[in-house]
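Two complexes follow with chain A in common, the first pairing it with chain B and the second with chain C.
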Partner chain A sequence: MSSSLLHPPSHLPPTTALQLSQQAPKIIKEAPGAISTSALQSLFAASETPELWTVYENLLLSCLRTGDDESAHQCLGRLINRFGDDNERIMALIGLLKEADAPDNATLEVVLKEYETILNKDPTNTPIAKRRVALLRSLGRVSDAVVALIALLDFSPTDGEAWAELSDMYFSQGLYSQAIFALEEVLVLQPNAWNIHARLGELLLMAAKGSPSPDASRQLSEALKRFSRSVELCDDYLRGYYGLKLITTHLLSSPQSKSKQSDNDNLALPDTTTLRQLDELATAKLGEITRRFSAGEKGWQGYDETEITAAKTLIEKDSSVTIR
Partner chain B sequence: MERKWDLDERSSALVDGEKGGLTENGWPELLTPNSQLPSSSWTRGPDSRSLDSRSRQPLTTAAASNHQNVWTGSFDYWILFPITVVMILTGVLRHYVTVLMASAPKKVEQPAVKEQRSLIHGIAVRSNFHALTEPSFSARRDALTTAYETGAYLKDPDRKGQPPANPMTDPGAMDGMMGMMKNNMAMIIPNTLIMSWINAFFSGFVILKLPFPLTIKFKSMLQAGVATREMDPRWMSSISWYFLCYFGLQFVFNLLLGNEAAASQMAQQMQGMAPQAPNMFGPGVDPDKQFQTEAENLAVIDHYSVLDGVEERLLQGIKSK
Partner chain C sequence: MTWISKATTTFGLLLLAHACYSAHEHSALQAHRAASLASLTASQAGVATSLPIDIAIETVVATFIVVLGLVLGTAQLRPIRWRVWAGQIEREGEEAFKDADGEIARDYIGNPFKLLESRPGFVDIRKQRQEFADWVKSQ
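Presenting the complex of A and B:
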């Protein structure tokens, strides 16, 4: 259980987060509250490890998710005790807690003002800048959030997290090409992130389906390639296969005109045989994943329940079409 | 070689002797019961211990072979322990002094951050271009090359084309140098003091006898400051003990101060020895030149994409399994 405390808790499913935060009082009681800097005491007490503070930080986030504000405040108190309240990361955590405590939007606006004061003093304070973006977004001011995030990315274009967030915000606004651009930036920084490849494929697919633009077939072809790259990088990536299945079905059911993309060889759609083979591959793999997950096999339990259900539905729909 | 050693030994023995016998060291009663010896004769307490050993050979040509030291007490502990304790305490003290003197890392201004990260971004695009499709790569290449060549990312665009500022006049660079100076001072001053303290009080003392035999080669290591040719290399002089402590107390400090103790003199020494890593953003580097180089690097890339033929690769890979 403590191993999952060492990972960022945003990836934890809600049940695990709940479990963690239920244990929070116990963990807080057991873990040392402060590490003595005295040479003599450090001989006898447990030595300080970076893991301890990671645990506190993650516990704080889990507690906030489940509404256990008291434990969260305790965690924060210990973190402040150790690192001081002028540490950038701690400042962001303090702000996070203030946001969580705020009863209404007016209080949130006050917190927002505080962020802006901090940023006026030190514009390079990345954690606070990110908190400000997140707060703006949760207040519903997405365009302001986008502006703030672009300002952050302007001086720090190597921040993959920020690019991913920007992509998500553009996507929520329906600006597909901007979202795709931002996600490509993430790939520039992390070229082998298979989830980003698959996500980019999803965006391309949605863009192509959403607007019948002249380069829709190019986008479809690239989406196909992105999904293929994703599952090439990770053999059992459910979303990759799901997308592959979706797009091959789409392409097989509505053949694209081949004449247009003759000018760009690299992004030409593959022929129907390849598409069929890819479709078979995706179906087989999706079937295997859902089967093994449902059977409760060891090593196949890491998938998200809802994603498995979606994959099942997709396969069933596909097979019913075939039977008919 | 032999001859030279002999000469060296003699001269150092003479120098040692002339510097003053034990009478000037403040231990006259204990060490030289027969202090009527001429001060030029090289007589030291622990040396006479080796006289007590079986060999009973004269120490040096200048040493009084008739001099039999009757002192048999455990006087050497009174050198061994002070040196060790003082060295440990100094190490701990130095740790806290370094902690106190350490200046907080200087805030980097936003334009400087932008300059550095834009360059890193360009490098990322250059090395990971294969993750992009051809159109999106050329769009990025064009944008980055233009911005690099016009100096849009520079910290102060006005200084474009001028030679880099002298690092000695740059206050930011001076801070870094001062930090280095402070650290070096924290190393040098205590070591010099201890060394001179040992030299003044305990020079020439033989304080330990190792419980195992050693070859003659170890003489220079273990008997620094005691220039006797015939003494068994198992005997260890005070200065040698100091050096042994200097190099060997690292683990004691780790235990006392935690693993990342600033008293890690060994680490600092290693750092000093290792060739300095090329400093990408250090003082004296012209960012404009770096940008121009990077723009050129980007321009010469022959683009290909991992997405080319990925379906075939995937199907092939599945079949071969």
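Presenting the complex of A and C:
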């Protein structure tokens, strides 16, 4: 049994998703469909593991994605058989299947109404609340989705996933400062998440580049700190070094006025020497990572191909500027 | 690496068994001698001799060899420092967590914070289906 079935599959590339869903009929045939509760039978039958149900859930998601609805229905049937259809998580999966099956927007509205009925009965049903937000966003009603998500965060403010989704929604609307705030909440909950540090750095950099406001230099220096933190938390983090390189290049090419930063010394930009050192470090690290990945060295193959290509382009652009 | 540890452990166990057997033989011999002596002269009985030093040394050495073999056979330890561990996940991906048979370790989770970016609770299944259908068409 592949280990990637033990993890939520939504970030996997299409090839892997297809591969997973092609395994589905085999797994459904081999794995036990139901676990008997009788003590006598449990002596002879295979023992129940938590992994089994995780596999069913992830298989369901993969099958829905690739359009193998028959296997998806089988997976769901077994999950309902085991946990009952009043389990919160199963309710969300049932809703997901309905969404996927819906042929037009009218059917989706019906599904949305069902979610609302469930939430009226039990307003703290988190999985259904999340599905409702996702469906609203999928229907293009982003502002409604934001309102629903804020209501969800009101009763469950320690949900990092929800804060991250909120940040992404604000970002899609172009509301940078709100997106940055939501992502900072995620970092309060998960201070060691190196990818979120890098993501926040990216948001800050985009915000600073987008608006030539007096706030820009503060955002740039904070972005610099975020990228530095992400590479501090994770050795050889390609995304972090990429961001670090971007921001040091930006800062070195367009020197910020020093006078404005004197009033808030906490977030003052480091001096040019430090910036230059950081720039050199990022260039060296990016060069090392791309070189070793391209050479096919063992232990350096975990990176994403497209990210490596982007890093190469960045280095080449940088070196051509230096030569000129 | 594994066959070295297995051979060392087996050798150590053999030594240990040999030491036990020697100790048993020694005590049997002592009992026999005591019995035969007692039949000759009743006054000489009860000369308790301790175990010869070579058997004791063999036992201790055998134990250490077994321990050495077991230690050599342990799986590679995971990094303790956060940044090294995180770096390993980013740099090597799943490869770092495969054991000798090429199976990925059960507790492998990859980057645990990836969930904050993929957000399975908020998955937009219709968009994913559309993207997948487009991908199939482009193939």
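Points to keep in mind about this one:
The rule is simple: the second predicted complex is superposed on the first by the 323 of 324 C-alpha atoms of A that agree within 3 Å, B and C clash if a C-alpha of one lies under 4 Å from a C-alpha of the other, contacts with A are read in each partner's own complex, and residues count from 1 in each chain.
By our rule, a residue touches a chain if its C-beta (ideal position, glycine included) is under 8 Å from a C-beta of that chain, and two chains touch if they have at least 3 such contacts.
The structure displayed is predicted, hence computed values, not measured ones.
By the touch criterion defined above, A:Ser319 lies against neither chain B nor chain C after alignment on the C-alpha atoms of chain A. Of the two partner chains placed around the shared chain by superposition, chain B is the only one that A:Pro123 touches, whereas chain C remains out of contact. In the superposition on chain A, A:Leu96 makes contact with chain C only, while chain B stays out of contact range.
Judged by the touch definition given at the top, the superposed model places A:Glu222 against chain B, while chain C stays out of reach.
When the shared chain is aligned, chain B and chain C each come close enough to touch A:Glu232. Of the two partner chains, chain B is the only one that A:Pro270 touches; chain C does not reach it. More residues of chain A are in touch with C than with the other of chain B and chain C. Common to the chain B and chain C interfaces on chain A are residues 232. Across the complex, chain B meets chain A through its residues 92, 107-111, 113-114, 117-118, 120-121, 124-125, 128-134, 136, 140, 255-259, 305-308, 310-315, 317-318.
Touching chain B in their complex are the following residues of chain A: 39, 42-43, 47-48, 122-124, 154-158, 181, 184, 187-189, 191, 222, 224-226, 228-229, 231-232, 264, 266-267, 270, 274, 277-278, 281.
Those residues of chain A that touch chain C in the shared complex are 3, 7-8, 10-11, 14, 17-18, 61, 64-67, 92, 96, 99-100, 102, 126-127, 130-131, 133-134, 137-138, 160-162, 164-165, 168, 186, 190, 192-196, 199, 232-238, 298-303. Across the interface of their complex, chain A is touched by residues 82-84, 86-96, 103-106, 108-111, 113-129, 131-133, 135-136 of chain C.
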